[in-house]
């Protein structure tokens, strides 16, 4: 299966401002690209590219005053298979986890493990460790949190989601990630492309999506407390502790978003 | 100048628990060690050592039930000079910062830049960028926050410190770090040894200390909103975004601290 | 001047639920009513009416399952004068305030005086006490908080408004009330009718409004950090410590709002 | 049984400050007093006394600069019986509650019902309404919250207690009150005298205590999530929504507590 990926994002910049964009397919999937995955910046300015400590491809530039356009159109090959489900995938004891996985057990800006560790124990302490426990966490979050775009705000944390019981996809994942970490399951946040492939089309405009990954047995597995079902065609862009590390764009000063569109379509090619 | 460094930390472990200890001198100062800096673990158990993404030396082990003792005694050579003060050190524009410094502009568990960015602008927007701005931030925090051990709690964030106006050394640094990041000055948290060298002895038992570093001109500079004066003999152990990344010990289950002593003394040798 | 007042509010009630409605003109203005101010409840059910400790007229009933409609249409005579401005109105020392005013110096659900008392002192400590200080508070809130319906949420406190810098009318008032109390100016929340009389019509549907009152010299004065200008035709419905005490309807179980319209029009009669 | 009640509280006042003291036995128990219950203020100054909207006896005065002493010694007759336990006391439907009880179902500064209503439902929704549900709430709080004087802080809310799982007596009651209100059981905070009568003496100095009352069947019943057992000799001083309304002293400016002692002893007389 082939998936066309792309975006067209426009900002109005009142005065020159430094920006960092995470708008390339994550290296874990770059081998599947069938066209160049090139972030196009208009106007043409110097862009520095580097990989951050999570392996994300980052682009940094000084956006000049005026309109700024970030766009891209590429093509990726995909197995067409839904997220693997492995109900026997076991939870490793902390002392057996690879060391670079341990950071995904700690608290972060939006995932205050320390404040929800008791709640997690009360809700999930009786579940079977490993995959079933992760599934129980996703089930609980999916059932108890109401989705709505009007519930989004940039400061919203997992604890806020727990008390307010509503949010957008990132909020669902933040709460589920926090519960997983509290139960000693490494969990990391993923921002990326996720189209309506194999599921009814959403009535809302296409957007980037967020899901998360848990480390079980010997690798990371994609799970999703928002949709709570295996999905086809997830393409990660940015991986990190939470939405702080994986913001599609971070501007270090004022930048007003004026237009935003994302493409994630299955194509016959 | 030589400084004797060491500690004796004891936990009671009710049942086997994984722990990560950051209890070695940070690699930036390992060349100055004059004796081996060896974390001794009693009882003798397998300890895995690795460097995390911040370069900290980490030790991971499965602590058995019973008493656990972590101890060390080493010696380091030090310039004996106080923290350098460079009032002309300029603040780099974000687009000119080394890429691996950028993560220290973002929010983290205890440093919610997003929630204090306006306050920072109101308090410090009129100060001269670079060193004078950092100094203004340290002055403000030092003057407006009251020190007290009874004000400590593990969940306390920079916003809490801002509203409660009290805390221990880590709280002073978290608030100052947050203000620096909000003003686009990279700031990172440091936990380490800091004895009463060149200053009157503190009446309280010796402890590890926390300070922070800001990136100005072309390097990191040590500053300290708690003491707010150049000090002699800081020896970093752990560097990170905030206290989450730099905890001396993190236990992934129950471990009760029973004894804690730290040594940081100038010695004639 | 005459003002037509009224509303039509409809809920869908999944199963019988107790409700309290504050939907009558506050007794302080009942002498000005020129038509009966009668809350009509459909279907016709028993309604108990009482005045709470703030003097608000409250209606309590058990809403049956199905559609519930609360409606009213009345007429009030108004001076047609804008809110009085008395720049010489002085702030009374706390020991000279009437005792029943003292409760409006304390913290409440949405107005955490304790958490913003230092900020208030830093922002407003140099202003002249009394009316000018209240005006400075309204000016600051009006200038620094951005209005938007999408910024509303039921849990939002004055501290949230201070950090997020956005909100709806109730949020503006909560932050200003908190600052006033912190400066020892009694301040209380008012929910009521406020039409577009003497000002350009708002493009949004008419709604109830919120403002607040401060106690200066010998009485309560209406002020408004949202609009920050004297307005014509405020008609209070409910007065209290904050939005908790003055909710137009409180349901003690599920009730889904399906329709909401408010009338506040100047009429020639 | 007779109980001697009294206190000796001393402040250092840097400059004249208004204070309100709630330091008399609540009117509900004044008929049991066997000696005058007279708040003595040194130096002798004008004191105004009034009852607030909760019926508490309040004393207001302008404390002059210097030392301020508030003291009292009185005697009360008590039944000597422990708090009544009535496991059949039923929970009234909200529409049947006396109207002046309804305010104790709402959120307040330290009791954010809105933020814990779902948690309360999850924890206690399956318990039997009325007394057994209140008991289940007290049991849960008593079991899951750790007592410690070092866990106290003036800004600590029920949500903080829920996440931090520690506190002093007021924190236990705030969390339990919040859960009760969330389950539609009216609950109010009580500050008062509670000696070690009929129980082993506490090793800590005597202090005022806090408990709470729930409205079941046709009256208020004393319960206590801190001690979680019927106790002898509770004497209420102040009743209110939470600790905000019932502070023993509120100073509207600086006042430093220098000495504090409370007497609550059974006496043979």
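The letters A, B, C and D name the chains in turn, as written, and every chain counts its residues from 1.
We adopt the following convention: a contact is a pair of C-beta atoms (placed from the backbone, for glycine too) under 8 Å apart; a residue touches a chain by one contact, two chains touch by 3 or more.
Not measured: the values here are computed from a predicted model.
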So if I look at the partners of chain A and the partners of chain D, which chains show up in both lists? B, C
Which chain's centre, taken as the mean of its Cα atoms, is farthest from the centre of chain D? A
Give, as an integer number of Å, the spacing between the C-alpha centres of chain B and chain A. 30
Where chain A and chain C are represented by their mean Cα positions, the distance between them in whole Å: 41
Where the centres are mean C-alpha positions, what is the separation of chain B from chain C, in Å? 47
Which parts of chain D, given as residue numbers and ranges, touch two or more other chains? 115, 155, 163-164
Contact footprint of chain B on chain D as seen in their complex: 150-151, 153, 155, 163-164
Of all residues in chain A, those that touch chain D in their complex: 115-116, 118-119, 144, 159, 163-165
Taking the complex as given, what residues does chain B use to touch chain A? 18, 20, 48, 50, 52-53, 58, 60-62, 93-95, 99-100, 102-103, 105-109, 112, 114-115, 154-155, 184, 244-245, 250, 252-253
